[in-house]
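Following this line, the structures themselves.
The following pair of complexes shares a single chain, chain A, combined with chain B in the former and chain C in the latter.
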Partner chain A sequence: MTDLRIYEHPILEFNRGKEITIFLDDKPMKAFKSETVAAALYANGLKEFSRSIKYRRPRGFFCAIGRCSACMMEVDGVPNVRTCVTMCKDGMRIKKQKYPADYLSPFLNLMKLPPARYMRLMTRPGFIYNPAMKVMRELTGLGTFKKELPEYKSSNMGCEGTLETEFLIIGGGPAGMQAAIEAGKRGVEIIIVDDKDRLGGQLVKQTHTFFSDVKYAAGKRGFKLGEQMIAQLSQLPNVKVLTETSAVGYYPNENIMLMKRPGNATLKVRAHKYLVSTGAYEKTLVFENNDLPGVYGAGGVQTLLNVFGIKPGNRGILLGTGNVALMVAYHLIQAGIEVAGVYAPSFRRVRGYFVHAAKIQRHGVPIITRHTIVKALGRKEVTGAIMTKLNPDYTHVKGSEFRVDCDFICIGVGLNPAYDLVQLFNPKMVNVSALGGMVPIRDKTFRFTKNAYIAGDCGSIEEATTAMLEGGLAGLYATATLNKGDESVEAKIDEYTHALEEDRGSPFSTRLKAAIKEITVENIEEVLD
Partner chain B sequence: MSNEELNAMQRGFHRKDELEDLNVFPSRDKLMEKRVALIECVEEIPCNPCGVVCRVNAIDKENLCTLGKIDWDKCTGCTMCVAVCPGLSIFLQSMKNGKGYVTMPYELLPAPKVGMRVRLRDRSGKFVGEGRIVNPTYQARGDAYPRWVVTVEMDDPELSYEVRAIQVLEE
Partner chain C sequence: MKKIVCRCHDVTESDIESAIDSGYDDFETLKRITGVTTGHCQGKTCMLLTQGILSRKIGKTVTNTTRIRAPVDPITLGSLVTHKQKNKSRVNT
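Let's turn to the complex of A and B:
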């Protein structure tokens, strides 16, 4: 039986916990307590988790963090469970969701119905709606409960009540944690929420050492930095941490943030100040077959490699030469996985830091610029890729296509700020390409509305250190407006502001600095009126 | 596609002659005399561990983003900067008794041991020869920069200008 787990790693030690057994379609499989169901299945060589609704195309592990719905399976009798955020339990029974539509789909596809037709099909007259819906659900694979529902406790389903706090931090990455540390140290009552099972955001996946100033993060490995910050937070009794909790709504008039807790219970939080540090989403690329299992985002590969210690495949290619792609290539080299090449359309230069590019190339991984992907090959999973050379105007050079054999393709072409929660606060949003996408106008104290602050990648796509500094600053400004803290607040604000300026002093940040200056205003309340 | 027509920034690595133009290497006499550090960091990025860690103040960093300049008269070849550089772009080089020596950071498996035979790679990843590990040390200061720093010996001293990575051969 295949086992894709990594047992020896030059940097990491994987504490997987107790070995347990799970069952896929009654076949026993080795799993560990600390693994999610999807990770355990992947480690056992399963690449196809589900099928798409209309065209029955194979779907596999993609985002690994509960954002996409490619990994939905039937777990212990409950259909449509996102296996990538469900932890393994001994004796768990997992089933691939099979539908009659698997056999019908070739005929349905021939009819070429637009999605709107599907929606309206068999909804009128009214009395046929319910029975027709049952049939349609059966056909499309949205799942029907075939067995008795497992019993839910009523407390799990209902509202857990309302919490009051001074400072609510949404997102426990470097920015959110630093804000909690700075404000928490000065006696502000804080709730920090994160939708993962632990704090740390993307820091938990970073095994490389960071740049920047030695005073903050330089020279430390990202995951160690995360552990240190979590330890610091646990020393503060006034900081309450809610993990596995998603912030899903904001009601400005009632000043309430709505949370979803495990088991679908809701929780209301009313706070005086809010900090949104939700980070970013990965961008993707458009090419033929980019939905095949085996095409991953850089974050998904990092999760597999550095959180669960599982090889994404044996031989891969990377798309993009930004810092994220270059770092993932280095993580793959460290895990002993062959990287066939890092391909990118860049013409002027390798987009990431030069030292990152040099470090992967000296280990034999070529960076091939002025190329792009045409299509991924394979029927059920990736077996290769067709690449092409580019003309300076980004059109394909005719006849230059060639095949690269690989069993996974990793896309690392940049990030978009995760602005969906920011928007609920009714800020003034602008689209700034230098900052990664839609970002709110903010003032010098990082406020984007009267009582909401922003920090980290969701305000501008940068790196972990600047996110930490921004978070620290936002935390300090919030402390000051809450009339907490002492004279040390101002000194610390000066220190962080100076450090942030220095960090953005490199030629890499020229565009970014100008863009931030442009969207920073004196008084945020005037802009909003 | 050949990379010949690309410059270093488009390629993502340097050739020896390009680094010579950037004054990365000390004089040959200096390399014969003692082991010294070379900073192959050519880009202004916000980073300063090398300047902070140097005990003899041989590395001059004006501020966070300026490039580190090294004073080879002061440098003692202590390997601290090699271990600390987050970009893995500082190396030590020397030539002695007709042999070349390069000290480099190493973050791969298997763990290096004295006497292990290694294949030598140049900056582009090409194999250029074989060598031996003479001095592997594991440097760590608490959680900060834990990594192996490995010195390899090669028979051709000229190779020490090229070799920047190794692959350990199975014993």
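Let's turn to the complex of A and C:
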């Protein structure tokens, strides 16, 4: 039995909890209590989690934070469960979602029909449409219902009711936690929700030390900082923490936030103020076979490595030279995994910080700019990659293709703000490339609608420190509008604003600062009308 | 060898390009004909990629996006059921 778990790590200690057994298609597998289903399966050597809907292509996990759709499996009889955010339970039964079309996939793959053509297939004459649909539904799809209705168990299913609170924080990353600390200290009643089993967001995976202002976070390792903030939060009795709870919808007319709770349940929360700090997710690239198991988001690899202590593979390459890619390369080296190279299409210098780039180059990992990936090799999982040199106009240099042997590819080309929940509040959205993608117009107090605030990466792609400062500020502004707190609020706001200015003071941030200035308005109500 | 743009609905780059070539050259119609951004993840991976391809093909920057609708995560219908008794007690407290 393969076991890809790391038991010795120079910095981290993995507290996996109790050992339990889960079953994949009736085959027992070793798992631990603190692992997600996807992590446990991956540790046992499973790379293919599902098949894609049309061409039945093998899919592994990609983002590992519950954003994409690649890891959906049938868990305990419920189809289409995102296994990368579902926690393991003893005796859990997991099934791969397989359908008759798996056997037909070679033929379906042969039919290279453009969409405008296959949308019109089997629609004329009218009477063949319904029987044809019936057959197609049998062949493809994502999961099947049992013929008889499942027994209605009131104990584990249904809506848990409506909670009322003053301040609801969605996303327990650095921004959300700092907001909860600042507002919680001043007596605001808070509910903070996160879709993982623990708070901390992406801080839990950061093993490197932060720099910037010593007063905020610098000189500490990311996960230590996360632990410290969680400890601070646990001392505040007016802050209620709901983990494994993800916000799935906001209904402005009713002012209700709908939450998904573990075990087939939902919860409604009504709050006076909301803070959206949902963070960001990985951008992807288009290249041949870019969905093969083994092509992962850099953040997903970081989760595997530093949260669950599982090796993603033996030898990998990284795409992109942003801080995320450089950091993941360093984390891989720390865990004793070979990094064949860091490749990037950028023509200028390395985009990340020099410190991080130097750190990985010291370990003999080459950083190769002006190169991009053409395709991933392999049938069921990645066995290599074909790279190519780029001309200044981003076309491929002919004949410059070469093969790199690797068993996983990390895409770390940048982050995209998680704007989905923001958009449900009906704000005015703009697409700003300097900030990473779709972001809402906000005012100086981080408000983007009448009752909702934004902080962290979902408002502009930056760092953990800036996210913390923004979160703190948003928390303080919310406190002020709720008529809580005392004179200390304004002094603290000044302090944070100053620190934020300083943090963005470097010449790296000129473009970012200009972009933020452009989307910040005086009066948010005018924009919304 | 396929270049997948939308993972949820298996839409490839050539699918999108051929749809643009046959005249569906704005974001909304492209979305309706190919199905990009309408999968489980509601365009989390494919939206920016589709924008990029469309911008490249028609030669001007496209910034249109689609509207996200609740629920943003898949939930079961059973989880929305309200228990009469349970709910009553919760509301009273």
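A few points about this structure:
Just so we're on the same page, the second predicted complex is superposed on the first by the 466 of 529 C-alpha atoms of A that agree within 3 Å, B and C clash if a C-alpha of one lies under 4 Å from a C-alpha of the other, contacts with A are read in each partner's own complex, and residues count from 1 in each chain.
Methods note: contacts are C-beta pairs under 8 Å (C-beta built on N, C-alpha and C of every residue); 3 or more make two chains touch, one makes a residue touch a chain.
These figures come from a predicted structure and were not determined experimentally.
When the two complexes are overlaid on chain A, chain B and chain C sit side by side with no clash.
Of the two partner chains, chain C is the only one touched by A:Asn264; chain B is not. In the superposition on chain A, A:Lys283 contacts chain C only, with no contact to chain B.
Judged by the touch definition given at the top, the superposed model places A:Arg362 against chain B, while chain C stays out of reach.
By the touch criterion defined above, A:Tyr353 reaches chain B but does not reach chain C.
By the document's definition of touching, neither partner reaches A:Thr479: not chain B, not chain C.
Contacts of A:Lys375 after superposition on the shared chain: chain C is touched, whereas chain B is not. By the document's definition of touching, of the two partners only chain C reaches A:Tyr55; chain B does not. The superposed model places chain B and chain C at 140 degrees from each other around the C-alpha centre of chain A, with the value given to the nearest 10.
The overlay of the two complexes leaves chain B and chain C separated by a minimum Cα distance of 26 Å.
The residues of chain A shared by its contacts with chain B and with chain C come to none at all.
Interface of chain B with chain A (complex): residues 1, 6, 8-14, 40-49, 52-53, 63-65, 84, 86-89, 107-109, 111, 121-126, 143-147, 164-165, 167. Partner chain B is touched in their complex by these residues of chain A: 8-11, 208-214, 218-221, 224, 228, 321, 333-334, 336, 346-350, 353-359, 361-371, 389, 465, 502-508. The touching residues of chain A, counted against chain C in their complex, run 52-55, 57, 59, 62, 66-70, 72, 78, 80, 82, 114-116, 119, 150, 152, 154, 157-162, 195, 246-251, 258, 260-261, 264-266, 281, 283-284, 286-291, 375, 416, 418-421, 423-424, 429-431, 437-438.
For chain C in complex with chain A, the residues that touch the partner chain are 1-5, 7-11, 13-15, 18-19, 22, 24, 33-35, 39-42, 44-45, 48-49, 53, 63, 65, 67-76, 78-83, 86-87, 90-91.
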